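In the two complexes below, chain A is the common chain; its partner is chain B in one and chain C in the other.
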Partner chain A sequence: MTSPLRSFLPLALMLAALAGCRPPAESAGEAERSAANRLEGRLLLSGSSTVAPLVSEIAARFEAMHPGVRIDIQTGGSGKGIADVRAAQADIGMTSRPLKEDEQDLVAHRLATDGVALIVQASNPIPELTRQQVIDIYTGAIDDWSRLGGAALPIQVVHKAEGRATLEVFLAHFEIDNTAIRPDVIVGENAQAILAVAGSPGAIGYVSIGSAETEARLGAAIRLLPLDGIPATSDEVAAERFPMSRSLNLVVTSEPSPLALAFIDYARSEAVHDLVREAYFVPSTR
Partner chain B sequence: MAERRSNFGRSNSRRVDRVAGVIVSVAALSIVALLGWVVVATLRAGLGEIDLPFLTTAPTRAGRGGGIGPLIVSTLLVLAIAMLAATPIALLAAIRLAERSRQDRPGAVVARSGLIVLAAVPSIVFGLFGNALFCQALGMGYSILAGGLTLGCMILPFMTVTAERALRDLPDDWRLGAAALGIGRLSYLWRIELPAAAPALGSALALGIGRSLAETAALLFTSGYVMRVPTSLFDSGRTLSVHVYDLAMNVPGGASRASATACVLIGLMVLIDGTVVASLARIGAGRSAPIRRDASRDRASRIGDRS
Partner chain C sequence: MTWFGKRISFRRLADRAIEFASTLAALTAAAIVLLILAFITIEAWPALRDPGPARFVTDRTWFPLSGQFGLLPMLTASVLTTIGAVLLAAPPGIASALWVRYWAPPSLAWFHRRAIAILAGTPSVVFGQWGLVVLAPLIAAWGGSGQSLLTAVIVLALMTLPTIALASDAALGSIDDELVRGGAALGLGRWGIASRVVLPAARSSLLAGILLAAARAVGETMAVLMVAGNVPNFPESLLAPVRTLTANMALEMGYASASHRSILFVSGLLLMVAVAIPYLLATIARPRSDHG
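The block that comes next holds the complex of A and B.
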């Protein structure tokens, strides 16, 4: 009986030792109280990995303007951002979708808009797909380009993994149930979907317009399909004409700290529009 | 008739041997080729972007510009914490498990099967565990310390199993011989067993270092995403592999920088692993040389007697 106990003793000792290690008491609370006029303290942001690279650039610029401010950014998805804000683990959450009905206890500030476009390989001659054709392709009812007027080539359906914001935008727009989809390839991120489509003549996928435009400009063998007759371009997204799009938001509780509000104001101002465009999103027009 | 059959059998078995030999060589070559292909492809894509400023400056434009200086610092700190936390526990546990007299006790059996199960747990599970325990329950937040300790937990089973194998591979006679000479168990462990096993223990360390440097999933939720130079162990800090992941996956136009960072990561891994393995091999060679020479002389004289 003593033998198994003794094998776990080192682990128990390690945990006990760790319980003693706590970070130095950071004076975040005090700093926030005086932040109204002097902008000092720490902000923790968490959430969508789509929004995080953009916000980290905005944060770097904000820190440079206010040397007393430190902003830490963590990722983990829109859902984690919302959960962290609710649990007071983060000051601001980042989401790549609007708030859901059961999330109305929080306040979302739109940072930018991101359009989602269907992409095919550059060699694919298909000019445009109707709504029903896209649904048929993704549910497996049509599995060859010859049935859509293209060459005799099996269609390779590139789909996103559960939990991806672009997946939700896509499903909501085409009103497809995720279980009805018959994918050939499931990928995580935009860059993976672009690689998958560029590398396979019969593939079709859907990605952020910003990332698709950029990769296409850098030479990726993909083509963006128009939707409902509207070309898939950043300009159309900015004009809020492109139908398949999502909003990128900064989410706070109903009582955010003054520092959090100051940062949100800055992130939505024209001073950072260059950064938003550089991240291939479309700035929010207020 | 009988003679012909046996002749046929011999030439046939020789042919089978030759085919088997070719298959084995091709398999071995293809492993080397695969490794070479990965390294060459990464170096070709990334080597051109690496210069001194890339290694020393901070990233800008979400990693598309600037360098990776702060991330190298974070990576080394996370690695150091993981190894400091895991190595002593792994070594002590391995010594305990390798004790010959106690191998079938229930405690050893439970611990050994626990290690095998733990070694198979996906790293993202360790990430969530580390986030819940170190970041939240122990109040460390997203920090280098939390990331290092999470990694330590993750590599512990691999290192323990490898280290146990290293200790058990030593000839049983040595232990008996030492006991016959009246050498204490601790003294045997310290002077003979550990030095002789040092080269093989080096591969346990190398395994832990490699897995630590390569890890992303366990670190995303623990040491985090922040690109600043950490000023304390309670700061969040992004490691090189998390940076590679983020550039390749979340930053459009980040692919070339991802390859460049991957080159640095491979270089760092070869450098650290190589140093550790070489220095432990030297310990092994230096300390156990007399024993080995004795053993081989012994064997030689025995063979000589027989002839």
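The block that comes next holds the complex of A and C.
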């Protein structure tokens, strides 16, 4: 009859969510390899929950290389990261935005860039949408492609669930209040948004450029729309030309500890570019 | 010490050991449920104090980051999808059990039971994927995005159908054979026996099976998440998107900060209650005698 496992699904989900907060930092093997440049001590990182998952992956690798190093990561938003670094509560702050003018006492090291692109189904002939057209589509003022020069086809607005980083970038770029949006479908992951758009001729959505490029290369029936005339590609994001993007930074005081600097150097090196791309961010090109 | 003096045989000792082990296991199982309930309540407590339970009912919509905490649209969605799925799955589920018991040739019945069991064991992601890739585009032809209340109901019905079929099969099997023979002696045909003797006699067991299936449907997460559209509004039609309580937790839990997280645990609490209700009803529906 009913599988008893099924009743544990909510629990399993909770455990998974808890486990996801902090992947186990220890990793055996290859530990003694770099005994030559021995680093020891503790690092505390604090700040953006967008940056934290990537940084904890990088930290796990760093800890495996330097067994004497222990890295703790706390989240609470970019603002908390800045405040903690200033108050010496954290060694490194994580921010998902550049430093503001009144934060110039700190130094930001760009870790990666998060670019978000609008996507439509590959069959959709629309070449590009203006800023106002995107706002009208997402707030329900325009609900048919025929009003934008396309075929008579209702627009299906694919939106993200609250808390997602791509949602924040999208809302901030178009300056829309989330409560004003009239979605037809709400998804969580980028992959789900891509599936939804690929399967519906009238759909429009927005996803991390890294994930859209990967899926499109693998044959997903989607097309990335240019924004303000700039094509939605990782190269444009890395070159800081693509408008709907934000920088992910590691922030330190003007006198950081050698350990903090060593970690930042590592986090910005090519050795972790695979982790950056797996998180669908674009590595910073120096 | 008198215990040993009584010359308890090895068999008695083994009996005691097994009794002790099974009691321990049973208590552990019960304790886990209570622990989960306690854990969820503790996590939900901050949200139950502020913004407080009233806001979960009075707020019209769910925008936790903008201070809108209405859970009613999602509770409605969970209830509607469950009722819809059970209404859709119960008739064919019971019919399948009747057919397998009273009409099917033995070899076909064997095959049918195995097929239903496999369907029951199919992971929900597979149902979700089928719903998203095959069913949703078909339903989109009637309007909307194809990710809707109706799509969720159909996918859930397919998932609950084997549960109902297997439970009904067991319910029919537990009918006293004398009733069936008595019906035959009165000259009733197969259909007469099935409709006038077997079904009435097995009524409460059948109902219990349906309620268990309903409990499963309320708790289903992944498949619904993939096909329901997940917009947290009251649905205006069958083709409108809905978000269930389970989908809400799965969508937002991994990305929620402190206060938002706490409110998600409130929806978890609500969900446990929603699952418990059909189970309790099933216990009441199941009569003392027709299982044994």
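Points worth noting:
Please note the rule applied: the second predicted complex is superposed on the first by the 152 of 286 C-alpha atoms of A that agree within 3 Å, B and C clash if a C-alpha of one lies under 4 Å from a C-alpha of the other, contacts with A are read in each partner's own complex, and residues count from 1 in each chain.
We adopt the following convention: a residue touches a chain if its C-beta (ideal position, glycine included) is under 8 Å from a C-beta of that chain, and two chains touch if they have at least 3 such contacts.
From a predicted model like this one, the values you see are computed outputs, not experimental measurements.
Of the two partner chains placed by the overlay, neither chain B nor chain C lies in contact with A:E101. Applying the stated contact rule after C-alpha superposition, one finds that A:A203 touches chain C and leaves chain B untouched.
Looking at the shared chain after the overlay, A:E278 reaches chain B, while chain C stays out of its contact range. Contacts of A:E175 after superposition on the shared chain: neither chain B nor chain C is touched. Of the two partner chains, chain B is the only one touched by A:E215; chain C is not. Within the superposed three-chain model, A:A161 lies in touch with chain C and out of touch with chain B [touch as defined at top].
In the overlay built on the shared chain, the residue A:P183 is in contact with chain C alone; chain B does not reach it.
Once the two complexes are overlaid on chain A, the chain A residues touched by chain B in the first and by chain C in the second are 3, 6-7, 10-11, 14, 49, 75-76, 188, 192.
Contacts from chain A toward chain B in the complex involve residues 3-8, 10-11, 14, 18-19, 21-24, 44, 49-50, 52-54, 56-57, 60, 72-76, 89, 188-192, 208, 210-211, 214-215, 218, 278-280. Chain A makes touch with chain C in their complex at residues 1-3, 6-7, 9-11, 13-14, 17, 20, 49, 75-77, 154, 156, 158-159, 161-164, 177-179, 183-188, 192, 195-196, 199-200, 203.
Of all residues in chain B, those touching chain A in their complex are 60-63, 85, 89, 92-93, 96, 102, 105-108, 110-111, 134, 136, 138-143, 145, 149, 220-221, 224-227, 232, 234, 236, 246, 248-253, 255.
Of all residues in chain C, those touching chain A in their complex are 36, 61, 63-66, 68, 120-121, 132-133, 136-137, 140, 143-147, 163, 166-167, 170, 209, 212-213, 215-216, 219-221, 225-226, 229-232, 241, 243, 246, 249-257, 260, 268, 271-272, 275.
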